[in-house]
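Here the structure comes first, spelled out in structure tokens, and everything after it is commentary.
Each chain gets a letter, A, B and C, in the order it is written, and its residues are counted from 1.
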Amino acid sequence: MYNNIIYIEINTRRRNKMIQWELKKIFKAKTGIIIIVVFILLCGSMVFIKPELETQNSHRNEQYELIKNTRKAEVIAQEKLDVKIGTVKEMANSKEKDDFSKGIKQISDKKLKAMETEDTTYKDVSFWKVFDYRATNTFMAFCMVIILIIVCCNIYTDEIISTVENLILTSKNKNRALYSKLSLGILIPTVLYGVYLGIQFIITALQYGMPLNGKLQAIRITDNPLVRDTYTIIQFIAVEIGVMLLILVTLGVIACLCSFITKSSLASTSGFMIFIVTAKMLTVAKPFPSNIQMVLEHTNFIDLIIYFRMFAGAYYGNVKFFGMNFDLINLCLGILAVTIVAAITLSIVSFKKILVR
Amino acid sequence: MGTLVKSEIRKMLLKPSIIITWIVLLLFSKILIRPDTASEVWADVFNKIYGIVPLIGLITFMIISAAYTLEYNSNMNELINTTQNGKKKVVMAKWIGAGISTSIVNVSIVLIIYIDGLIKSNFSGLDLPLKELWYFGNSGSNITVLQMMIILIITVIIGSFFFSEFGLYLSAISKSASIPFIFGGLLMGVPYIISGILSRGGYAKYFGVTPLWGMMSSELIRYKVPMTLIIVQIVVVIAGFILLPKLTYKVFIKE
Amino acid sequence: MNKLEIKKLTKTFGKKNANSNITLTLENGVYGLLGPNGAGKTTLMKQIVTLTKPTSGEIIYNGQSIYEKEDEYRNIIGYLPQEFGAYKNFTAKQFLKYVAALKGIDKNKASQKIDELLNLVGLYEVRNKAVGKFSGGMKRRVGIAQVLLNDPKIVVLDEPTAGLDPQERSRFRNLIADISKEKIIILSTHIISDIEAVARETIMIKNGSVIIKGNHKDILTGMKGKVYKITTDKENEVIDIQRDYKVVNLQRGADITELRVVSDKMPLYASAQSIEPRFEDVYMFYFDLENTKEV
């Protein structure tokens, strides 16, 4: 057993070494500089990006002029909270008989019970509101996708272009080198997103004070009061971060797969873009029955990134397949997880079948 | 020069991946319009043409992203630079070839949507003023549907040439085809996304200075973009046409 | 023991047989793989280094199929591809460190080995220079250094001297001679003089099959009586000879033209005389004129 432990330890170190070499290659090339620049711009620009806080209220008139509510912050915030609780109460008292309304009623009942345990006066949640917004921002996701295209779509095609491909495929550590490339599809989005969250946590704390009241109900920070469960603020943000990470890792692994199965940077990038765009195209063309359409509308990456806040932690009722009811959002998350597994599996198959023809 | 241009078109357009993507996009364009009254159909036509800008961008940059990286990777750039026709003529031929290739593809997509619109509207409504279409509701424009169709074709061609040259410049300065794809895509995509977000307000009209709205001129009418902004845009495009080939040439012949 | 057996190896791409029923046994020493473009040399080499799998047949190293324990087999091979490139932004030393990591060589051992090899190939002074700034010959020397990093038992070199100047080629030949003890070295080339200088045996491939395998002495003995010199002062005779026979060399003097031809039978010219064969005559005899390269 001791020998097995040593073997695992040595293998892990060797794999880590190959991953280090992959990272070195990325950062020695121009692309490394572009990634750093994009990441710095992203983190820096978030200093200026924030949502409308709970203590603020404004709207635009017909002339599109911004009209700000000048009442006291606490008064505005309490009013907003009262409106959200009012909406939840309405949903809980709904007399509609369809499945979706029944589901909403159930969720609303649970929420009201959870809110009974806490005081319904407004508490300062500015930190969490802003952090949540920055953690799941469309612009952030967009920048991450750009980084994934630059790094992961070229992870193997760069070896073909620099003609080092043959050296890798004929070396003893061929499989380690290939698996380390594949693992970057998971590591890069995970590490980058993690570092981004850390930076945003610090920036937000400096701007809005320390994180307070995280154990209160999540409807205090969401604009949509129909959060699917009685999550606390911290739980809700954790769910959103988990879902965002799932999306980014799925894209990372797919980008790596495109690199393994194509022979040029252009083919890899095009393949990746076509994969992203195809599902969205199908939602516009609507060739499938409504249940499949619903799933497509919630699993195509374009809508997932642009309308992320309407996906993570939300409730959209059930969808029927093969006579069984499935919660739509859970099904979509399952499909994303299956997509990661499929992409990893196909990549491994490509190592054996495609790279060695 | 004709031979060079033809060679460039062949290199860029006659690739299985481009042909297949083009066919798929044409088939997709065919199913976008629902049958309805003439004014609904034509409003939908212009709405959908702007809606598929991401796909137009995708195929545009698929065509041009590898234009120079192909030469660098096969070491043809050195050979080209030692030939009589090399240097300037090749750079010009690439631009013309890229412009023609992307124009053919983009115009064909727009034409398919037009033809589908004609069929679904029973060949009527071409003389409707744009202000009667919901898509142009606030524009107050008396330009007819047919006139807008013709103007749009012309601006799509000019826009294709502009984005081709921008993409070629990016291809010349980078060794990877991802860079033209990403940054060319951003030039097209950022105004597309942000204008969608800001469309409810009076700020949308400022996107009239972007090359994207120059290409999709229906947006200039839709948001009543003032003439001053249109002139700025024309200046941007002309500057691009003059500067980008020069910059591309400098990069390509650099030792 | 160091023995590589290739048994009835066939590789098909679509309808084309790139290699057809090749059977060879290779032991320590240098083997020259000779043949025109498209003969199947690179395909054979790629199968030996596991870059591609055979359609049928076996490759056995020391009694075991190379696919039984692929990682272990790859540990004892060194491969220099025909189009060798390195990461342009890496220095020679950094690139070799990377290849050492690929080959699973311990970091400390690799450092020492890299310095030795850089000295061997004459690149120690420029070890910290970016490979992108190297000349073609220098890049090829980096390629040879990476081949030897893991002290391989089987070395496969695909056209290693293509594009090198005579000085580089001479250096390369000496290097091969130095390293050839206790290694199987398979060297493919069009340059006949390289094979003559270093190879113990030559394997000639045509249309995917081996047509000759043997040492130079035996091969040249087999060519006795097939190489002739014809002299003529008539231009139309020169044209006729070029049309009717495989001309290896044509030398025009002030009045007389000397032609070196290969033929199964004595050419029907009075001036024709049998001469000692050289290795390029062997190539010309088995392959066509357009595939002849510089000597």
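We take it that a contact is a pair of C-beta atoms (placed from the backbone, for glycine too) under 8 Å apart; a residue touches a chain by one contact, two chains touch by 3 or more.
All values reported here derive from a predicted model rather than from experimental measurement.
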{"item": "Minimal step count in the chain contact network, chain B to chain C", "value": "2"}
{"item": "From chain B, the most remote chain by mean C-alpha position", "value": "C"}
{"item": "Whole-Å gap separating chain A and chain C, where each centre is the average of the chain's CA atoms", "value": "54"}
{"item": "Separation of mean Cα positions, chain B and chain A [Å, integer]", "value": "31"}
{"item": "Contacts with two or more other chains, residues of chain C listed in rising order", "value": "none"}
{"item": "Chain A-touching residues of chain B, taken from the complex the two chains share", "value": "17, 21, 28, 31-32, 51, 54-55, 58, 62, 65-66, 69, 73, 174-179, 181-182, 193, 200-203"}
{"item": "Contact footprint of chain A on chain C as seen in their complex", "value": "49-53, 71-72, 74-75, 77, 79, 81, 83-90, 98-99, 101-104, 146, 150"}
{"item": "Chain B-facing residues of chain A, complex", "value": "30-31, 34, 60, 63-64, 146, 149-150, 153-154, 158, 161, 264-270, 273-274, 277, 281, 284-285, 287, 306"}
{"item": "Chain A - residues contacting chain C, complex", "value": "14, 17-18, 21, 24-25, 28-29, 162-164, 166-175, 177, 356-357"}
